Amino acid sequence: MTRFLAAISLVVVLAFLVVVPSGQAPAAGGTLKVGMILAMTGPGAFYGQVMSRGAGLAVEQINKAGGVDGWKLELLVEDHKSGDADAAVTGGRKLLDVDKVPVILTSYSAPTLAIQPLAVEKKILLLNGGGVGSALVGKPALYNTRMLSSQTAPFIVQWAVQKMNAKRIATLFWNDAAGQGVNAAVKATCARLGCQVVAEEPHDIGAKTYSAQLARIKARRPDVLALGNFGDDVGYAVNQARALGITGPIVGIEWTPNAQKIGGDAMQGYTIAVDRFDPAGGDQNTKRFVEGYQARHGGVPEFYAANYYEHVQHVLRPLIQRIVKRGGTPTEPGALLAEMQAALKEGVAFESVYGGNMQLHADGTVSKPMGVYIVKGTELSLVGRIVGGKIEG
Amino acid sequence: MEFWVHVLNFILLLSILGVSLNLLLGYAGLVSMAHGAFFGVGAYAAAIVSRDLGVPFPLTLVVAVAVTTAVAAAVTLPALRVYGEYLILLTLAFQMVIYGLMLSWTDLTAGRTGIAGIARPAVLGTPMTTPTQFLPLIAVLTAVAFAVAWRIGESPFGRVLKALRDDERATLAIGKSVLRYKVAVFAISGAFAGVAGGLFAHYQAFINPFSFTLDRSIFLVALVVLGGTANLLGTFVGAVLFVGLPEMLRFIQMRQDVVDAVRNVIFGGLLVLFMRFRPEGLVPEHSRLGRRRRPAPPPPDVSGAVVIARTARGDGATALVAQGLAKHFGGIRAAEDLSLTLPRGQVTALVGPNGAGKTTVFNLLTGFLPAETGTVTLEGRDVTRLAPWRAVRAGLARSFQDVRLFERMTVLDNVLVAIPDQPGERLGPLFFAPGRVARAERDNRERSLRYLAFVGLAQRASDVAGALSFGEQKLVALARLLATEADVLLLDEPASGVDPQWVARILGLIRQCAEAGRTVCLVEHNLEAVLAVADHAYFMEAGRIIAEGPPERLMADARLAEIYFGKGRR
Amino acid sequence: MNADLGLAAQLAANGLIAGSLYALLGVSWGLIFATTKIFHFAHALTLAVATYGAVLVVERAGLGLPLGFVAAAVVGCLFGLAIEVGVYRPLRRVNATQLNVFLASLGFLIAGESVLLILFGPEARALPGFAVEGIAVGPVAFTTIEALWIGASWALVLALMAWLRFTRWGRAIRAVASNPDLAQCVGVDRARVFVLVFAVGSTLAGIGGALIALRDTASPFMGVQPVLAAFIAVFLGGIGSIPGAIAGGLVLGLAENMGGLFLPGHWQGVIAFVVLFVVLVVRPSGLFGAR
Amino acid sequence: MSAAGADGAALLRVDALVTGYGAKQIVSGVSLDVRAGEVVCLMGHNGAGKTTLVKAVFGLLPVWQGSVSFDGDPIERTSSAERVRRGLALVPQERFVFADLSVAENLDLGAFSVTDARVAQERRDKVLALLPVLAERRRQLAGTLSGGEQRMLSLGMALMMRPRLLLLDEPSLGLSPLLVERIMATIERIVREERVTVLLVEQNVHQALSIADRVYIVRTGRLILEETAAAMAARGEWWDLF
């Protein structure tokens, strides 16, 4: 018995000896480590995969070109298991303590909120391109490069009221900060524009089955169904709403090729207001990204890949350049975060793969080019631009 | 090293939870698939009172403990009625309901988004933020948790829990309120989970339902079982191995998603292999590691006969009178108009053919079965409606035909656990009057050794009971029965299945008990034994007493012989 | 008012759809549990593995949906057998306690799901090839997939009941479930019956998985939720009773959905476990159990 | 005790058998034999180990030491199902019918080892003729039968197996004297008409002696006496043996 335990202790000690030193290597001069905490496992693992590919592509492109002013980038990915705060914090601690990363790219509202205090404590920059919960606004050190649901949702109500003549609107939304943000924004906008929210149905993320919610919605006979959900769930929800005999227009704030595949024919006419990444459109930046992605991974990139590509290529790169230019060291604690704050104070606009620039704000939100799109065939087509808070259709 | 300190903090937090579950699962044998939920209840309680009411840190922990204790005790009440897979399922259902509430009751819990910005505890005005700053607090509380759990587990209280785990009916039969112990251990377990939950909330400063899933509950059960049940060291070893080691996988150059999957494959595979090849876990219950080695008990120089003397409670000529007892199962008459008297200091036997209802009589007398009609009077006191354990406390105890020892406990503990009114069975004295508990324990151990000496098994005191031969087990059962200090002893087939040389010994002991003033009633098929030991006998057939008298006279009755051996055929 | 009636009708239909599938899964798990007394959590893995079998056949090999269902049945059957022979039988040989068998089952599930993840990746995989159309009957609307759920579930459940009732081995299974010792006395080989119930139960789970994937896609962790529903169906109905498991599945499906009359739909998942909790507390023998 | 019957015609021979439950040894070295055509009765007080012995003979419990041979072949390592195929049948002491199955299904299960439906049908007809009370209740659930009827059914199931050796564990337990008599008469008839060899465990000494050829008495897992039924009956008084 004792020998058995002794053997186990030996294994533990040896494992420590083997493993710990390898993690102890300090950030060598010339390499800047970029941490990511993503949904690598669990129901959202798809997003983690796409996001890490996006960022990875940018790192490859930069390193192949000799780095940013001599600084090579290295990507370190940790897993938050699709929303597990414990995993996010442990992964964050590892990135901060062992790898000494000056920046972490995160996704999902909850894990982002969970590691934000660590970021403040260690003075590191936090970039989020996935989570859209309204709780992400105004958090020190955290900058969102994706428009939050509360920013995009009002426009879809506006569209519904103006173009679809909606009087009665029903909402079906993720039961989390992101979905609730949509629902709240829909209600507020409705109150302003004189329509009525007749049903509010939250659903669990990844529920796949919405029959109870949709039956309740159908019974309230809405003119328009507004979706406050994301990812694949959009496809399932639209599909099931049509199958259940909800015939009115369906509007939302997200569309992904995968959701289109799941939704199939039912997606026809689905309308969204969104800061849309269009792989076919855009400018030089877009092209470099899309072509690189296709060459590396095959297939057209999702906007989740685009957002994290952007983080590295269009946010981190200029920040590092600015630091180097004024003679600083970007890996120094707090350097990147301070530079970000300084850049925003100066009103620096960052480039984007969405076509044109994006404007980051001091409260951590972003403004990107927005539009209203409708599904025709299996593609989105632009039906209206949003400029300065107004829809131009 | 912040990261490794963080991992250590996590190991400590989970080992508090493991200890909490080990008290339930390892000591009391109660499965809980809801420990993830208990953990969460504690965390949310602390977070919510901190967020909404601005309650400061140590107080939030108190609230967390109070709420979790109450919730755990409330779950116990339905859980008392169910066993085995039902308890698994009941606690699983509870886990899912609590998790569902955390997700869906968004007004209170903020749902999936979670509660952010939970206040960090402050020491002298500076908040604790880093893992290193937290470590002393977590370490101290973990140490306290282990100490308290160890104190409980290795005390007379813990001994009753183990008895409960090994055999619930037999625990009732030695006069312990199974209900009280079950509720208490669930509540204690809940309190520990509350401590862990509250600490966790303040440590992470953020909680959401993901930390309190069924997966976490499953992980905890696996942790305790793999570490070794009823051994706290095992839980700690398990936490180090299954929380700490996987963190090292982070440093292996592999894709994160694959690493996580590989970790799960290893973990799941280990679970399967352990169940097959080492079900007792890494550190088994009776491992010498993790507990004080008990010195071999010195054989008492005095004979055991002193301890078997009757503790005077009444002094009439009859100890027990039963009148008009009846019981039916469906349409079958198990007992009908049963009346009998047990004279003090005598041995009375119940005889009759198989299936006549003799054991049913014992069950009716001791409250294991509720009688439909009739009364049982013990020393002039009506004990008809008493719960079995209360009947024992009143002085009426029974043994079982199939012995029912607590098989995973030592022989000494089997006897020791039966001694009534031990101060260490109550949590108050256990923690606030340790001197009294220790003195009582010393006395009781000595007393138990005397009981064992009386039955001639003192030298086997530190053996595990399940390893004894059947005959020896019967003797231990007799010692255990005597240790309840009941005056009236109902012995169900004390000599059946025992080698002849043992039979004589057991009968001799029974005689001695009677001579020492205890009242004995026995059911026995070995009629020679009845002749040898009984002063008086009742003859039963089909749930009725049809004759009584001295055994020799009953056996001379041709009519009774015909009933016993069957009628000749025409 | 009319809308409320329509809502009730729609919710009832939803309940019937979900309930039929729960009944099928409940029967598939309950058959194994009643006969072997194994709390077979790894049934969830059987379901997922079999569904991936179907997806591979249809998507990769392009062999058409009917063959996909055959694949689900065959893979489920073989996989269930492998668990019985490779995991449970060795445990029985060392007289493992019920808790230990349960933990081994859990361990196998955890490991197996991760192997699926490593092999096939985390993303949801569709099981294509079914022409989905909406069907409207008065105020009630559903899809052809859901019609298939109901049809296939009931066909399988009734076929199983008939098989158990009228065939020699069916009787042998019921004999072992009813009185294992006596079954041995009449020469029924317990080991063979165990193998048989794992084969049959796992086949049904495989088909159930493919039915689910038709509407909700396949993923490595897809099995747990349906199998939890199966547990609930079985314990609602009363262990050991096939009709009980069917009724339990229907009650569960209806309770979850009809709850929508009073509660927002996202409480669905909670309702199921509240119902289970209450039944276990108030009537542990199940709603339809004899004892 | 000496194993009688050295004439070699023993159908069942148990030699120095040791067995028990879990770690508990209940039967400690029993040797006995049953010759073809005999009715041998095993007696002893409760807990003496009779049922344990019979279960080990039938294969429901593992044989720890010693051997069991049937018709000259060692069978102690074979499964119960195999022993049934060889011609053993056991009617257990408790739970001797499938309570949730109908009478007809119970009987069919008795003939489980017969794969030919016609043969099974024939046997069933014969059993129903022998035990007419079952014929009337064919569709009823066995659990709803009276105690005596359940006993009859259990005998019927055993007969469906066409056993060469029938092990009966206390068939009279829990029955009224009248029913005991009927069961015993039925057993006697079965022995006569079907030429079945029987090893009977019985507490009802008078009844057992009336149909038994020889008797073994068991006490605490060992045989303490073997004699002919006639010699046993001649004692007239058995208190000392139990």
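Here the chain labels run A, B, C and D in written order, and each chain numbers its own residues starting at 1.
We take it that contacts are C-beta pairs under 8 Å (C-beta built on N, C-alpha and C of every residue); 3 or more make two chains touch, one makes a residue touch a chain.
Nothing here was measured: the structure is a model prediction, and the numbers come from that model.
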With contacts defined as at the top, give the pair, B-D or A-C, that has more of them.
A-C
Nearest-to-centre chain - CA centroid comparison
C
CA centroids of chain C and chain D: separation to the nearest Å works out as 42
The distance between the C-alpha centres of chain A and chain D, rounded to whole Å, is 75
Between the Cα centroids of chain A and chain C the separation in whole angstrom comes to 36
Indicate the residues of chain D shared as contacts by at least two other chains.
none
Going by residue number, chain C touches two or more other chains at 117, 122, 266, 269
Multi-chain contact sites of chain A, meaning residues that touch two or more partners:
41, 45, 49, 175, 202, 204
For this structure, give each pair of chains that are touching.
A-B, A-C, B-C, B-D, C-D
Contacts from chain B onto chain D in the complex sit at residues 353-355, 401, 466-467, 469-470, 493, 496-500, 503, 525-528, 531, 555, 561-562, 565-569
For a test of understanding, state which residues of chain A touch chain B in their complex under the given definition.
1-2, 4-5, 8, 12, 15-16, 19-20, 22-23, 40-41, 45, 48-49, 77-79, 81, 83-86, 89-91, 93-94, 96-98, 109-110, 113-114, 116-117, 121, 133, 135, 174-177, 180, 202, 204-205
Going by the contact rule set out above, which residues of chain A touch chain C in the complex?
41-43, 45-46, 49, 175, 200-204, 207-216, 218-221, 232, 236, 239, 242-245, 261-262, 264
Hey, which residues of chain B end up touching chain C in the complex?
31, 78, 81-82, 84-86, 88-90, 92-94, 96-97, 100-101, 103-104, 218, 221-222, 225, 257-258, 260-272, 275-276, 279
Chain D - residues contacting chain C, complex:
58-60, 79-81, 84-85, 89-92, 95-101, 105, 108-110, 112-113, 115, 157, 161
